[in-house]
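First chain written, first letter: the chains are A, B, C and D, and each begins at residue 1.
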Amino acid sequence: MAGSSFGRIFRITTWGESHGPALGCVIDGCPAGVSLSEADIQPFLDRRKPGNSAVATARKESDTCEILSGVFEGKTTGTPISVMIRNSDMHSGDYDELKSVFRPGHADMTYYAKYGYRDHRGGGRSSGRETAARVIAGAVASKVLAELGISVEAYTRSIGPVEADMDEYSRSAVLANATAMPDITANAKALEYIADMKNKCDSCGGVMECMIKGVPAGIGDPVFDKLDALLAQAAMSIGAVKAVEIGDGVKVASSVGSRNNDQFKAAKNGHITKKTNHAGGILGGISDSSDIIVRCSVKPTPSIARTQKTVTENGEDTEISIHGRHDPVIIPRAVVVLESMCAVTILDALMYDMSSRMDNLVRIYKS
Amino acid sequence: MAGSSFGRIFRITTWGESHGPALGCVIDGCPAGVSLSEADIQPFLDRRKPGNSAVATARKESDTCEILSGVFEGKTTGTPISVMIRNSDMHSGDYDELKSVFRPGHADMTYYAKYGYRDHRGGGRSSGRETAARVIAGAVASKVLAELGISVEAYTRSIGPVEADMDEYSRSAVLANATAMPDITANAKALEYIADMKNKCDSCGGVMECMIKGVPAGIGDPVFDKLDALLAQAAMSIGAVKAVEIGDGVKVASSVGSRNNDQFKAAKNGHITKKTNHAGGILGGISDSSDIIVRCSVKPTPSIARTQKTVTENGEDTEISIHGRHDPVIIPRAVVVLESMCAVTILDALMYDMSSRMDNLVRIYKS
Amino acid sequence: MAGSSFGRIFRITTWGESHGPALGCVIDGCPAGVSLSEADIQPFLDRRKPGNSAVATARKESDTCEILSGVFEGKTTGTPISVMIRNSDMHSGDYDELKSVFRPGHADMTYYAKYGYRDHRGGGRSSGRETAARVIAGAVASKVLAELGISVEAYTRSIGPVEADMDEYSRSAVLANATAMPDITANAKALEYIADMKNKCDSCGGVMECMIKGVPAGIGDPVFDKLDALLAQAAMSIGAVKAVEIGDGVKVASSVGSRNNDQFKAAKNGHITKKTNHAGGILGGISDSSDIIVRCSVKPTPSIARTQKTVTENGEDTEISIHGRHDPVIIPRAVVVLESMCAVTILDALMYDMSSRMDNLVRIYKS
Amino acid sequence: MAGSSFGRIFRITTWGESHGPALGCVIDGCPAGVSLSEADIQPFLDRRKPGNSAVATARKESDTCEILSGVFEGKTTGTPISVMIRNSDMHSGDYDELKSVFRPGHADMTYYAKYGYRDHRGGGRSSGRETAARVIAGAVASKVLAELGISVEAYTRSIGPVEADMDEYSRSAVLANATAMPDITANAKALEYIADMKNKCDSCGGVMECMIKGVPAGIGDPVFDKLDALLAQAAMSIGAVKAVEIGDGVKVASSVGSRNNDQFKAAKNGHITKKTNHAGGILGGISDSSDIIVRCSVKPTPSIARTQKTVTENGEDTEISIHGRHDPVIIPRAVVVLESMCAVTILDALMYDMSSRMDNLVRIYKS
């Protein structure tokens, strides 16, 4: 339990280094009876796959996954689902010159401080490559949620100064655009901006967001395991994320109560709706049946070709210029990772919620 | 483990409702041999105590704590430390009219949806009163951290439009000012703004921040239990927090790599420093020995006297106007809660880190 | 999480020392909507209360419990249930002579080795008194299980050489007999044997057993959290227990497959029964709907008046003779502790099982 | 976390079915800086490998393991160690006739009741084959423990009526003998007994034991995570184990305090020893520096060729006679599984203990 597991019931464990033989994910606690095959997972992996556009690294990762356990005759059995991706196209040699130098903005220095020992090739475990394993879990969780009528959709809100127009939101645009932005105009502008950054040997950041629809009211737990608290952990655990917002997020600080409160309204089916959704679908840590909104600020890719000052493992000052295959912006590939982490968090909260009411126990065990 | 526990080794469990007989905290996993008495905890509780200024509710909570276990002859024994606060000055009657109405912006509706049953008096478990129990744990964790040369200090950055001038930072000002702001001028302006809000039967939000100094490089765990991910969970679990930022936070989205990267520099003692601290002391989820910066956006207090539309437990539209003793802004009292949650998170990560290196095991068990 | 918590969903945390101000239990994860009051808990506490017969210590513990949270208007709210017992009749002075001497068979030495510091009064946290807190949790769990048609009954099988006749089993005899044996004749003989031990300044052990009826097939989890594995942890965690058996237990080692296998038989209602129950109701770690049988061997009370060799905190050889108020046999009071631990384990496994099937999720969330 | 993980800091997760493509283990929390390669693990796997003697199934499992992550240039990096074994020689067809019939003594019926769906081939996840993954973790834990001077040795105490003579104990005999018994004479007799069982189309059980030497006093945690409680969970989680004893185990029930108490004695180095070791090295759940003794009773292999009554998935009575490749006794191959589970439990408790004293924190973080 040294940090590689997440979830209380739908519990995922990831393993694997950037340049090791393979990486993977073990999902323990997936309900039995869900149809599942590699074909459900591959599209998620493809969305974070590099090498398919101008905005992403030229590194080619086939990222073909193999389900090794937990599925029998096309259905989950309730036992751990182990899924593996063999690494390929590993240019470990690219990293030889980084062997004893700490890259600014990367975890090289901190891993070395912690363990006294590190796999320097591509960041090892701290590489963004680790997120491929999370995406596997996200694909499985999304499949389960879909059967319950819950959708989880992430997209790019902004890249550098270019903001998407949410009135133009289209899921198919998110999936088609190289930037994962939901509108075409912003996508085009963002691509220009990224190209400019690349020319300047620099990199840029942006904002990504996840919208979760269909979660019934009552999901999430009080106090420390509030749904927003777990979503915050989930999102902040993604490498380059430096801020997590729920609903109106940082804007609430300058709002006032009369405007920020979402007033309630009776709905025809006996349910309750809200006239606005400043809260982003969560009140007191528990879902209120409105859309759940999670937003992340992502830092510029730290690997840049510009010369930077740094220090060697021996504690000597030196300079570094990072060449190789790096994304000038990480967001387009990180969007599916945010979507995956949100899906896992929501499903786990849902499964955890089942036992919170005595009448649910009676329904299932006293028939 | 339905959400009321936090921490992996230094593990805290809080219990208690706003208007029940008592509330408290059990700390399991505190190291043995730490000097501890109620006098270490009381100052923390006093900082979140209401009723001592114009900015806070008139409700008087003596909040006198009693250590019930885990301490013998003035030192911790390594066994669970149970601390209790008896509730007093409970005007449960104030809440009778709220019995079957859901207050906008509160957790009344979501608790009801989840459990089918709720303690309506003052929000019960969802009340901010629950945080008194967290402050107990924070006081204990801070005591342990101080012995290791680590300080944890939270303060108000802004209230509504009024921002503190961080160049004027003074810990004593934070502790003395009614707003918990670190400078006197901003404090005065903020108090005016709050008074104005109160006159308008409205409320306001703000920003609070925590600065942690002295954490050695190497603390935190990879992947899901990244130090920033756990700090994000810790901070977002505080009632009214809607955004958590680490270091530059949301600003990184519009920065570029060459500016956002903190370049390294050799320090005289063989250590490594950074020329800047955009990262807020954490790289790849692990501390880098710079100051750790955690910032939270806090929403305006939802309890306001203005008339709002809402719905009854029976699903009928109605209106509500909340009177009684409520803070027009929650931040001044929430600052010590943020400080407490950060202290608990850091200590837990530190204790968890001990076993991450074989040479540490050898040092302790093979002498 | 330094050992004072148990359970994954129905999670209990106990705290308190033998001679501190109080002890208690926090139950997090109890379903909402269960009728509960102190009157449900007190009978369980009374069963482990000393001072009411010749077989138990003369120490008088009123053991009156107070529910401090989690119950509102007579029903559980789903939030943590905190229950406290104030200690009384503490003759701490009785232990002054033990201040720096390690009692053989007790945890004095090992606690001192671990923590470098200990509360020597009555064993502090290692005292059997800690089990009062478990019994609180057991009472709550039993209440929930009873509503689902599941009963948990523990009793004494043997004391020293005196064995109960299980053909004479009567629950009321268990509750009435001073030895907690299920038959009257054995009870009388055992009392004689205990009196004899007392005269000889010695103590004795015995065997206690728990029978759990009504658990549906399918409860428990594969591999490490097998139902019998968790029951083993639960039972072995009771102070003086040195062996845990499930079903035929140690006898299986000398049996053969053709005799030990329980052959299946179709039951009228479409269910499956077994012709025998050597397995004790658990196959592959999962309940099979037969009675679940857990059996524990309990060591003789280590506190005896006879002179024993031992060592002081300073590492010097010395002798000790333990006077004061001690049970010559611990089993009669431990029976309700075993019953409590089994109830907590079964309820937790049941609540955990809810999410193991997709059709259960569909039933609850897609209506 | 549906039961496939064990350990709090040194945390193992196993996955894989008997007749799926592969099985494996992920170890999260192994300290960095331990020399490790497949050559450290293979000997453990070979000890549980079938097919190498008259006592074991003829099924040939090459059980060649591959380390996929967590090791770099021959040393552990502190990140998750993933180890996989590809399944081979799978005669899934052998199980076709068992597709809809529940084997007595097996988990077929209970898995079906739980999940409504099961992999019938060889028991799927409930197969003893799962333990190969545990043995991987045991090999790693043993390597770490050996560096700290702690040894973990398991062996067969008895098979059916044949008991080993412990005065003849020899580790090399344990490793050489087909029965894993520590003396040659008993080994020969046991082989005769097993052959007799096989002829009778029957199977037998036995007793296995683990002796752990070199654990310092102070390891283990109070209350629920007592060292013996966790060892009991660990041992009882092994498929066919029906009883777990610590030290004198079931015999304590008929002993008396004056005999069962282990009296203390000062040792030359300031340490404390015991004149006897009835307690099996654990007092109050914490190690006392004596040898730790864990003993398990193992049931006869349920797969027998004799005709047994059973029921089909459709609830109809039928008969079954199980042919194929099955061990007439499971103990010889289970011994290394017990050894592995004990090693994992002890190492985890040791790593957990590090943070229990303030002076340890000061030693590591305040230098």
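The criterion applied here is as follows: a residue touches a chain if its C-beta (ideal position, glycine included) is under 8 Å from a C-beta of that chain, and two chains touch if they have at least 3 such contacts.
Remember, it's a predicted structure, so these values are computed and weren't measured experimentally.
Visitor: Can you name the chains that touch chain C as well as chain D?
Guide: A, B
Visitor: Farthest chain from chain A, going by mean C-alpha coordinates, please.
Guide: Chain centre farthest from chain A's centre: C.
Visitor: Using Cα averages as centroids, what's the distance between chain A and chain B in whole Å?
Guide: Each chain reduced to its C-alpha mean, chain A and chain B end up 26 Å apart.
Visitor: Using mean C-alpha positions as chain centres, tell me how far chain A is from chain C in Å, no decimals.
Guide: 44
Visitor: Could you put a whole-Å number on the gap between the CA centroids of chain B and chain C?
Guide: 38
Visitor: Tell me, which residues of chain B touch at least two other chains?
Guide: Residues 1-5, 8-9, 14, 29, 32-33, 78-79, 114-116, 125, 216, 222, 352, 356-357, 359 of chain B each touch two or more of the other chains.
Visitor: Residues of chain A touching chain D in their complex?
Guide: Contacts found on chain A: 1-5, 7-9, 11, 13-17, 20-24, 26, 28-29, 32-33, 66, 68-70, 72, 75, 77-82, 84, 114-119, 124-125.
Visitor: What residues on chain B touch chain A, complex-wise?
Guide: Answer in residue numbers: 1-6, 8, 14, 102, 104-107, 109-111, 113-116, 123, 125-126, 130, 158, 160-161, 197, 201-207, 216-226, 228-237, 239, 242-258, 260-266, 270-272, 275, 279-280, 282-289, 297-304, 306, 308-311, 315-317, 352-353, 356-357, 359.
Visitor: In the complex, go through chain A and note every residue touching chain C.
Guide: Residues 8-10, 29, 31-34, 76, 78-79, 144, 147-149, 216, 222, 350-352, 354-366.
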